[in-house]
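Before anything else, here's the structure in question.
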Amino acid sequence: MLTELKEAVFKANLDLAKSGLVILTFGNVSGIDRRRNIVAIKPSGVPYDSLKADDIVLVDLDGNVIEGWLSPSSDTPTHLELYKAFPQAGGVAHAHSPYATMFAQAEKEIPCFGTTHADLFHGPVPLTRLLVEGEVAGDYERNTGKVIVERFTGLEPTELPGVLVAGHGPFTWGRTPAEAVETALVLEHVAKMAFGTMFLDRGRPPLDGYILEKHFRRKHGPDAYYGQKKEKDHD
Amino acid sequence: MLTELKEAVFKANLDLAKSGLVILTFGNVSGIDRRRNIVAIKPSGVPYDSLKADDIVLVDLDGNVIEGWLSPSSDTPTHLELYKAFPQAGGVAHAHSPYATMFAQAEKEIPCFGTTHADLFHGPVPLTRLLVEGEVAGDYERNTGKVIVERFTGLEPTELPGVLVAGHGPFTWGRTPAEAVETALVLEHVAKMAFGTMFLDRGRPPLDGYILEKHFRRKHGPDAYYGQKKEKDHD
Amino acid sequence: MLTELKEAVFKANLDLAKSGLVILTFGNVSGIDRRRNIVAIKPSGVPYDSLKADDIVLVDLDGNVIEGWLSPSSDTPTHLELYKAFPQAGGVAHAHSPYATMFAQAEKEIPCFGTTHADLFHGPVPLTRLLVEGEVAGDYERNTGKVIVERFTGLEPTELPGVLVAGHGPFTWGRTPAEAVETALVLEHVAKMAFGTMFLDRGRPPLDGYILEKHFRRKHGPDAYYGQKKEKDHD
Amino acid sequence: MLTELKEAVFKANLDLAKSGLVILTFGNVSGIDRRRNIVAIKPSGVPYDSLKADDIVLVDLDGNVIEGWLSPSSDTPTHLELYKAFPQAGGVAHAHSPYATMFAQAEKEIPCFGTTHADLFHGPVPLTRLLVEGEVAGDYERNTGKVIVERFTGLEPTELPGVLVAGHGPFTWGRTPAEAVETALVLEHVAKMAFGTMFLDRGRPPLDGYILEKHFRRKHGPDAYYGQKKEKDHD
C-alpha cells in the first residue's frame, strides 16, 4: 500500500541522515498522500543504517496505524498537526541540527541577513513560544504541533517553510519529503551564517525588504525565473 | 576467554574512532563482565587502524592483567573506579572531543538548554573539581576516578551518564560499551549546541524543569514511550 | 562546439561541489573563450550529481544562448559583467560559502591578517555597496556585476581575485575556471581564519605592508619564485 | 639515494593532506638523514594528488639540491634552520591549519588549558616575534627559521615540539616526519579547544603546573608509563 510514498519517505530519511544534520536517530521525515489522508513516517528509534523502506509506518490523521509492524516516530502527532493546518505541505522533516537548534535554545528567531536566507524564507525564521506545563504534561507532541500552528497565525507556511520550536529545534516542510529535507539543510546553513554575522556585527539590522522580496520572488510564485521552469533550486 | 565482550569492546573502540570524536589514540572504551568482575579495555597507545579484537586486554577490578600481551590503557584505573561505584555501568568511554573538553577546561558544567540534552541527561552535565597536588602525584588515574565518584554523591549515574573531569575531558558510560560511545557522541553534540546558545544569549537560563522531566521520562524509566519498547534511541 | 571549455567548466563546477563550499545547487562556475567571446556556464538549478558536460550552456557577452537546451544560471549576467570589465579573467566562480558570506552579510571587508591571505590577495578582500531599490527591481543580476566593477575602480582585479557582494556572498575569478574555484576555496579558508583572529583580538590591525607585499610578490608577477616556474600554488 | 627517507617524507606529506589541515598545496613536510646531513622535502607547489615519492627533493644543509628535478619547497630554508638548531628533530611539518593560524595571526601564544595540551607540550605553544622589514626583504624564509630559533633561546624543543610564527602559522617537529605531522594534528586540536575555552571563560588561567608536569612526564622522559614502552601515543 502506497509503496511509492513509503519509498520517498524512506529515501528522504536516508538523505537526512547522510546530510550530517542528525546524529544517531535524532531526526525523522514523513510524507502525506493527500487523497487518502494517509501519512508515511519513520518508525521510532530505528537506526538509519538498518532502516528499510518496508519499515516506514502508515498512519491516518488521527494517528491510528494503518500499516506497519513498528511504532511510528514519537513525534508523529507533531507532524499530523502540521499536515492538518498546512494544506500545501506534502512532507515534513525534523532534525536537531546544531546551529538551528542553538537559535531554538536561545529563543531567538533567525533574522534574514542575506540572499541565501531570502531565497527560501520570506522573512525571519519564526520561533514558537515555550509550551506551558499543562501542554507538556498531556499530549506533549500534539501540543508541539499546535504551538507551531499558533505561531503561523497570519503567516503563510509556503513562504516560511520552517520553524524553530523553543527549547527544542527545527521542523521544516515542503511539497515533498525530499523538499522538506532540502529545506532543513538550507535552514542549518542559513542559521550558521546568521550566527557568524551576529558575531561580526552584534546589532546587525536585517536585509532591506526590497532585496528580500526580489530574491524570494525570483524563485517562488508566478514571476519566478530561477531554474529550469519546473525546478525550485538555487545557483 | 570472554570473546564476546572483547569483540564488543573492540567494535566500540572503532566506533569511537570513526565518530570523529578522537584524534590519534586519544580515547578508549571498556566493558565489564559483571558475573566474573572482569573488565575488557583497549591497550595503551595502539592506533585504531592497527587494533585487533585480540589486542583487547582483560583486567580484574584491582587492575591485574588476566589476559593479553599488551599493557592496558593508562586510564584503566579510572574506568575501574567507575565500575566499582556505578553498578549499572556495563561500558565506559573516554574521549577528548573538542566541545565537551572546552567546558571541562573552562571548568563549567554544561547547562541543559534544550530537549536534545534532556533526552539523555536528567540535569546539567556534572563537572568534577580539579585534583589537588597529592592526588596527581600518586595514583593519578585512580584518583581521577575517585573525584568522579565523589562528584556523584547524591546523583544517579544512570540518569546522568557522563561527567566532565576539570582540566581534562569527558567520561561517559552506559549499559554496554556501544551505549557508552553513543552517549559520548550525544554529549559532544549537546556541548556544541550549549556553546552556541551561550553565544546567542550569554545569561541564558536552563530549560524549565517540567520540560526536562518530560523529555527524560519519555525515554527512560517505567513510563518511557519512545522507540520500539526495548530500544533507547531518539527521533 | 568549444568542447574543451565546456569540459573545463563542467569539471570546475564538480570541484566546487566536492569542495564543501556549496550546498544543493547554491553555486556556479563559468569560463570564457576570449577569441570568440563566448562564455560557458552551468545551467540554472541543475543538481551537481546529475550534471553532465553536455549540459553546460554557451552564451555570448550579451547573454544570448549560443548552444544548449537548458537555461543558463540566473547569475549569468553577473558573470558577463565581470568578463567585460576584467579582461584577464578566464573563469568566474560563485558560492555561498559560510565564512565569506558571514563577512558579506555583516558588510565587512576581510582584513589581511596573515600570509595565507597575502599569498593570494594583495590587500583586504573588497566589499561592494548594497544595491539600491531601483537596481534590484530591474536587471538585478547585471547590476550585481556592475556594483562589483564599480568597487574595483582603481583596484587591480588580478591582484584581488575576489569580492564580497554586500548581503549576498563571494564571487572569485582566475585565469581558468579551475583557478576561480581554487580562489573560492582559499577565500573561505582566509575568511574563517580572519573570523577567529577577530575573536582572539577584536581590534587586531592588519599585517604590515612589507610582509603583505613580500608574500604576494613571491607568488605573483615577474619576481615570483614560488612553485615550479609555471605554477601558481602555495606551500 | 635515501629511498627510505624519501618514502617516509612522501607518506608524511600525504598524511598531512589527508588530515584536513591543509587546502591546496598549503603545507609541507621534510625529514633529515643525520649521518649524511641531507634533508628530503616536498617540491614547491606540487598538488598532493599528483605527488610521487620520486618527486621528493634532496638538499644539503646549505640548501643545495643533491637530487631531484623539481624545485624544493620555497619554505626549505626555514626547515634547514630548524634542523641546524634542533639536533633531535628528525622531521619538520608546516601547515596553515585554521585554529593554530588564528592564534599566530592574533599574535597570541596558546595557553595550556588542559591535559590534551600537557600531553604533548610542556607549556604554552611559543609565538615568534614578527620579522622586521629588513628580515623580510632579504632571505625571508631563512629569517623565518632564525626567529623561530631565537624564540627557543632557553626553551627545550623536544618538550615544545611546535611554534607559531607571528602573522603566518605553525611549524611542528618530531623524531620522524610522521611524528611532525602527528604533532601538527594535535596542535590544531589543542588550538581549537583553547579558542573555545577562552570563549567560555575569557580570563581563564592556565592549568596548574603540577598537572601539566604530571601529564607531560607520563608520556615523555625516563618515567613515562604511557603506551607500549616504545610508542609515544596517547589514550
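Note that the chains are named A, B, C and D in the order they appear, and that numbering of residues resets to 1 at the start of each chain.
The rule is simple: a residue touches a chain if its C-beta (ideal position, glycine included) is under 8 Å from a C-beta of that chain, and two chains touch if they have at least 3 such contacts.
What you see is a predicted model; the values in this text were computed from it and never measured.
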Worksheet item: Shared touching chains for chain A and chain D?
Response: B, C
Discussion item. What are the mutual neighbours of chain A and chain B in this structure?
Written reply: none
Item to complete: Compare the CA centroid of chain D with every other chain's and tell me the farthest one.
Response: A
Discussion item. Given that chain C and chain D are copies of one sequence and touch, is their interface built from the same residue numbers on both sides (over half shared) or different ones?
Written reply: different
Practice prompt. Using only the C-alpha atoms, find the rotation that maps chain A onto chain C and quote its angle between 0 and 180 degrees, to the nearest 5.
Written response: 90
Item to complete: Can you check how far apart chain B and chain D are, centre to centre, with Cα atoms defining each centre and the answer in Å?
Response: 32
Response to the item:
Distance in whole angstrom between the CA centres of chain B and chain C is 45
Worksheet item: Hey, what residues on chain D touch two or more of the other chains?
Response: 199
Item to complete: Chain touch graph shape: choose line, ring, star, complete or other and state it.
Response: ring
Worksheet item: According to the definition of touch, which chains form touching pairs?
Response: A-B, A-C, B-D, C-D
Worksheet item: Given the complex with chain D, which residues does chain C contribute to the contact?
Response: 113-116, 182, 185-186, 189, 192-194, 196-197, 199-201, 204, 207-208, 210-211, 214, 218, 225-229, 231-235
Worksheet item: In their complex, what parts of chain C are in touch with chain A?
Response: 23-28, 42-47, 70-71, 73-75, 94, 96, 98-99, 101-108, 130-131, 133, 136-137, 140, 167-169, 195, 198-199
